[in-house]
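What follows is a pair of complexes built around subunit A, which joins subunit B in one and subunit C in the other.
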Partner chain A sequence: MTEMLIKNGFVFDPLNGINGEKMDIAIKDGKIVESVNDSRAKKIDATGLTVMPGGVDVHTHIAGAEVNTGRMIRPEDHVKDVVRKTALTRSGTGYSIPSTFVTGYRYSKMGYTTVMNPSMAPLGAKHTHEELNDIPLLDKATFPLLGDWWFVLENLQRDDLEGCARHIAWMMETTKGYAIKIVNPGGLESWGFGRNVHSIDDVVPNFDITPREIVCGLAKVNKMLNLPHTIHLHTNNLGIPGNYVTTLETMKALESVPNDGKPICHITHVQFSSFAGDNWGNMRSAAEEISRYINNHNHMTFDMGQIIFSDTTTMTADGPFEFTLYQLSGHKWVNSDVETETSGGIIPMHYKRTSAVNATQWSIGLELALMVKDPWKIFMTTDHPNAGPFFEYPKIIAWLTSRKARMATLKKCHKKAQKKSLLPSIKRELSLYELAIVTRAGQAKALGLKNKGHLGVGADADVAIYNINPETLDIAKKYITARKAFDSAAYTIKDGEIVVKDGEVVQNVPGRTMWLDVKTTEQLKVDEEMKRKFKDYWTVEYENYPVFDHYVKVPEAIPVKADV
Partner chain B sequence: MIILTPLKTFQFPIHAECVNPDVFQGKSMKEIASLTVWEGNKKKKLGDLFKIEETSAETPNITINGDVSEVRRVGQGMKTGEIVINGNAGMHLGEKMAGGKITVNGNAAGWTGSSMKKGLIEIHGDAGDYLASPYRGSTAGMKGGAIVVDGNVGSDSGCYLRGGTIIVKGNAGPFLGFHISKGVIYVEKNAGNRLGASMTGGKIVVSGAVDELMPTFTVDGVKKKVKIDDNFKAEGPFYVFLGDLAEHGNGKLFVSQPSNPQLSAIYDKYL
Partner chain C sequence: MSVINAVTCPICGCLCDDIEVTVVNNEVVKVKNGCAVCEAKYMGYKSEHRIRQPLIRKNGELVPVSMDEAVHEAAEILANANYPILYGWSSTNCEAQRIGVELAEEVGGVLDNTAVVCHGPSLMGTQEVGIPTSTLGQIRHRADVIIYWGCNPWSAHPRHLERYTSFTEGRFEDSEWKTYINKVKAAAGRKKVLSAQRVAPKPQRETVGESAVESVVFNKPPETLQKEGRKLIVIDVRKSMTAEMADYFIQVEPNKDYELMQAIRALVKDEELDVDQVAGVPVEYLREVVDVLVNCQFGVIFFGMGLTQSAGKFRNIEVAISLTRDLNARTKFLIMPMRGHFNVAGANIVFAWQSGYAFGVDFSLGYPRYNPGETTSMDVLLRGESDAALVIASDPGATFPKKAIQSLVKHPLIVIDPHMNATAMLGDIVFPSAFVGIEVEGTAYRMDNVPLPLKKVVEPPEGVISDEELLKKILAEVRRIKAQKAKKTAEVA
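Let's look at the complex of A and B:
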């Protein structure tokens, strides 16, 4: 197969401690190797360019029932962003929720090669995989929503962690999933009865269990199963002023789970969980409180959920929260209770600089990312499309790496938000090395992806090359140049093939879908009782429930050996 | 001034957003003739479909003589100048226009003045559906300016109105003023059902009969005259209704009392 040599680039590979060293990267058969035959290998001259591992996104809603319903209710989102077909690429539409193919192209153009779809109702797993199959150029994985799944709740209620673990191992295979996603634990089950939980010690109706027990129980189960990623948590009370107290309580509760100094939980889009104040009028940033806690503890990782000022679509399994958003905006909305599993909601949202709340939210995301000292703890996301579409990432890169850039945006924000913002006091500007951590290395490490996010020997040959010369370009000053460079990669290499050159897709390769093949010593027995429950509680029979192998076009089963 | 005359009866839809005084401004006849238009799925030049002539007169900037009911998006986003169409106009006429004037001496098709921001559209015939309404799903309705229709308008007109004035001298179809929040709609004759559904603000005035009145409106009184714009007051008396209560709305719906005797049995007792 092909051999390739990327010559002379400035390499940023944080997982291997390489910080802007001028070196060559050799690729053979889709993997990074020590060296290649110099005469035979295809050469890419990366002189004066920045070379990084392919980007990794830990949290982006790109496929599934919610995403597709979001597309259906927003024709106006499609009409304003139309992509024509070319000889190589397919047409598509959608600004905040691009169609599947365009999603793949746009990620790849920015140098991304691996993305995680973080929210899949198990009942919608087949649909999700069908959409993932249609997203080219990217490796993907998807996280089933298990925090309010009845079997999990029943097992945790009985304190049967081993039984719960076996169920989850079975679910990973059944839904072809990658990690345990928990959304508003307990709240979604309550939403089925028109209620919600408002603290981590509220009791879930019909199950004598609290959000605290769900989160800690699943964190322990996650550890028993040796899953590569931690539990992936969307906290209670998300998006409500004053919710930072709940977030802190959740993090403190998780201290009780043994962690050997390693992260045991990932709190996602933490911006939405860091509001202080007690109503929308006096809502302010709690970045200081949250980041102080993060700086003193090592058992958690986070991603930003950074606001982009744009007309976007929010979609989450957190049905009660979406209902709150509907009451605020009066916009068209969709809300559902997904049988015994989870709930869901969708509502369009226009984040405006001129809104004090939105501008404060924008500030919170950046404050958190900059005030958390260790870049291995907090990663760059927009929780696409909830806080903004993913292809606006270069804007966030500019804000993180350039004080000038964020001050320019802050100046245009609502006066009240400007006054309250902590950004003027923050001098920190991320270096390219730190940027490589928050956009790929840190995310790959948190996800437990051994072959992603770095350029060491044996890694997947996923490489992004940007038109940035760190010797001559000061990205903090020339942030617009840098933003353009990150917007369209000079090269994106996927599995050793050049897929993007100068921001244009030049080759189509299908991406793989990763899922966990968890081996437990004792397998879950699917007994008559369980089948009866499927018959009684689900609209889908047990026999039709699993995602069969043929649903996943290019599967990559990752074997995991569990302790139970 | 540029005069455009269709060279044939169009069989397929033409997309001609280049027919816009701002685009024509400063261009030679040759440049204008080579502007891109789409005929169905074929890319064409403006000169392929229209005879283009120039006269010395200053206004209007563009005159179209003939039936252009298949020609869409004329005057889209225009900011200045004037277009006169002597014939029937096609869909999306003056969509998102931000200034200037468009006159149609004939009928206009659907989506005329969709999401417009400023300027004036005069239609001396009937208008189609979705007059001034935004694209499907969008809430960005007409924000300012004025539209005057001498004839009737179709359904779903003036949806999501956020400002400006719409005056209809004929009848209006169903769902007139759906979800409006600001601005004024005046109908001289009759209005169809679901009038003002989901309105949260603004004014709708109907001098003729209404098909039905939604139960989510509450009667507030009777008024003799209602101001439509600076030059014109509609003569009543009108019932004043507030609503749409289903949306906690604060819109005002004025319905002529003499033209709607059927309402007195229901509402007079609350006055």
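Let's look at the complex of A and C:
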């Protein structure tokens, strides 16, 4: 029966059209309500403060086999960033791959309340969920990697969309997943024998199917299943100069999928997929080409994958791309192919201002975010930790909302990158309203999370309060003050409980793991035939494969009624 | 009577999960599909060496006490210790390992697992160069060259070949079981013919050229290396049982694996070698083997203690992984450590996600620190720096060097184990433990880091609780004692 009243703050709630209005937010039993009993309710005086829904991160690698292998092979990443145990909080380490408890604390300190772990190999799903259980203070979900799953490749090759849909529904429940994740479609299966695909019409060896067919097929399947999020896609040829052509071809291919005017695909960390040129020497930004397409089409959403100049670690399911990075850098390199399903790789990476390529990449992310006119289409991420650690988000906020901030950084970059950058000609600065869209409202909407990313009645009471007075602080001018405010929330409220105050954790709550309970009209027939195929495909028994209920400590099953 | 399927065996890193166990009246009476070691454990877990109740050493003798008394005494020791070691963890479930991390953090101790005497060097090697690897199914489906280096799965991981490598069917490769059977039959036939002719089999020593190298036993690369299908190559210091099954066996001189691997790397990169033989192996044969390696579709190296515990230790692993990296420029090649205990990988994984470090985690400063040689339990013991220890799910009393054990017994020693093993016999407080995978369910991680559920098929003995429960009790009592101490200090102040 806990009641709370956040009084008198400047509220930014784009999903409900509220733009800096001074108003009260009432909370009861963990939900936003119309009003509460003024005398009984716990009051927070938000006078002069900015009130937003809790942050939502659509794509951040924080849990599972890949993340953990990264932790294990990089002790040098942790030794410089230690976190002491306190009476309330567990100890741990950072830096680019923080331990699980530290991940929860650091996100929460920035006012974030919901995060999506975007890559989960189904065979290792139990591991992902065990780690998610140990990330406190945040609600979480995770996406199974399905783009190169043998059952998907075989069903789509046969044009059996319904069969594919039923398998995917089964997989969502089996792995307690939230969305269909596709990485370098076709490339991962090819990488099983050390090969890759180089265009969306290359044929995947041994499977007679193309990336175009995989992506379009899964987009259709996603619609049939009525999943809340779209397919979540990491494009082919990621990270290769000239790849913007592949990105455009992919988006064009998806135009053929019927979409009722709503997005049918989310391209993640699109910065990495927006390179023009044909080698590392003449590589340049294709933000103009890509943003022009985005501005004229409505069937896609995106997130930035913004570079931070820092030491960090790349980790993706794109095994062949990580191998390319290894060949370029000679650095320590992990490859982790997963039978029947997917692959993966890890390489440490240091993004430098003095590297013309890195600096151009940095510019590309911002160019895309600023040249795409509609903030509901492109969201703020770093593809943590691939382009940079998540706790540097306030730096990106400053670059997006302050031309002064980004020009100051640009001036420190390699001269070649400065010359090529489109940033000098971009005057746009995101307002606090637009910022609320790209860091919470837009992400929640794209993810189909009905109770997140907004402060309307019925929403989960996840609120972030920042030390920013929009009437007196010009965040474009005083970007360092603004950055500090977003670094360290005045209050983070999770399900109506104050968990962070003045950037310090004051209460522990476990957070929920959301997953899709997809009900098809005809369930997948798990008969002897299927079980036998299972034994042929995997080295584990069918019975031991699923994520049993007890693996998810605090579950939130989201029922989904499929059209199949 | 009940027959339980898809049981996951709790012995070795193979973590076979297709075991069928028949239970009658809370006793396992039959085991199907398991290897000899699996069957032995499932049929023998009720041995007379089982600890049935908590014990405390009083006047030199271990005497039975109540659970509460033992928990309190153990908690007192840990709460008051300055630098305790919490060691073992590899034969229990992840649920218990998680409590272990919390306990080590609470008492500011050193958290370490059996990797420190096993594949610790492998973990350190990956920290230098990473590791190109995969799950075991990829090997089963795709591998046509399989190398076992410094390990003997025939004895240590008995079903490895039949489940994951040479003797199993994959989507793209067939099993070599029939070929092997034919080979064995042919060899047996040859022996019969020779003995009928009263001819002794040829002696195995051969000299090479004028240098008459006092070389060790080797086999010339037979035509089988040119065959289709999977090839099995074994590299070891002696002809193990696994080597007997191999298509090609390379006998390396003891402690010379590093040189041999570097020589192979040079040949992979098409460099010339100025010597005739390396580590006792003629270079011309190395060239033929390297030919096979670079021309295969998909190769894999499995390695064990032969590399991690011989001269060079983690440098051996670094070079083995570097060799694998080099081969990736020519073809698809992977490498994987043959993890021993059924959940040693799990301990490293749990430690890493909660603290950032996989083993040798020192919490004494209030945050995790890792520095092999400084914070690893063996070295702490050798320097005589610890003042208490908790040992669980392992047997350092049998596996550690004498000096380390002497240091271990100098101070209070708490032991948690199902059996009265060597360590328990040295303990000051001994707790009974229920067998994970037989009497307790939970999660374990296979040698390729795939998580699998372990089943409970029978009830544990009366009064014996799971490690997870026991550790929770100890942790709660430690917190209570510390809170009391803090209150007393506050009152006095």
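As a convention for this text, the second predicted complex is superposed on the first by the 564 of 564 C-alpha atoms of A that agree within 3 Å, B and C clash if a C-alpha of one lies under 4 Å from a C-alpha of the other, contacts with A are read in each partner's own complex, and residues count from 1 in each chain.
The rule is short, and it goes like this: contacts are C-beta pairs under 8 Å (C-beta built on N, C-alpha and C of every residue); 3 or more make two chains touch, one makes a residue touch a chain.
Just so you know, these numbers come straight off a predicted model, no measurement behind them.
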Touching partner for A:S91 - first (subunit B), second (subunit C), both, neither: second
Partner chain in contact with A:V372 - subunit B first, subunit C second, else both or neither: neither
Subunit B versus subunit C as contact partner of A:V540, first or second or both or neither: second
Partner chain(s) touched by A:V197 [first = subunit B, second = subunit C, both, neither]: neither
First (subunit B), second (subunit C), both or neither touched by A:M120: neither
Touching partner for A:P75 - first (subunit B), second (subunit C), both, neither: both
When both partners are placed on the shared chain, which of subunit B and subunit C touches more of subunit A: C
First (subunit B), second (subunit C), both or neither touched by A:A398: neither
On subunit A, the residue positions that both subunit B and subunit C contact, one per complex: 73-75, 77, 79, 331-332
For the subunit A and subunit B complex, residues of the former touching the latter: 73-77, 79, 330-332
In the complex, subunit C residues that touch subunit A: 5-6, 8, 17-18, 94, 98, 102, 105, 123, 126-138, 140-142, 163-164, 169, 171-172, 297-298, 325, 328-329, 331-332, 334, 348-349, 352-358, 363, 366-370, 443, 445, 449-453
Of all residues in subunit B, those that touch subunit A in their complex: 134-140, 200, 247
For the subunit A and subunit C complex, residues of the former touching the latter: 63, 65, 67-69, 71-75, 77-79, 82-85, 90-93, 97-101, 123-124, 126-127, 130-131, 134, 192-194, 206, 323, 326-327, 331-340, 343, 346-347, 536-544, 548, 551
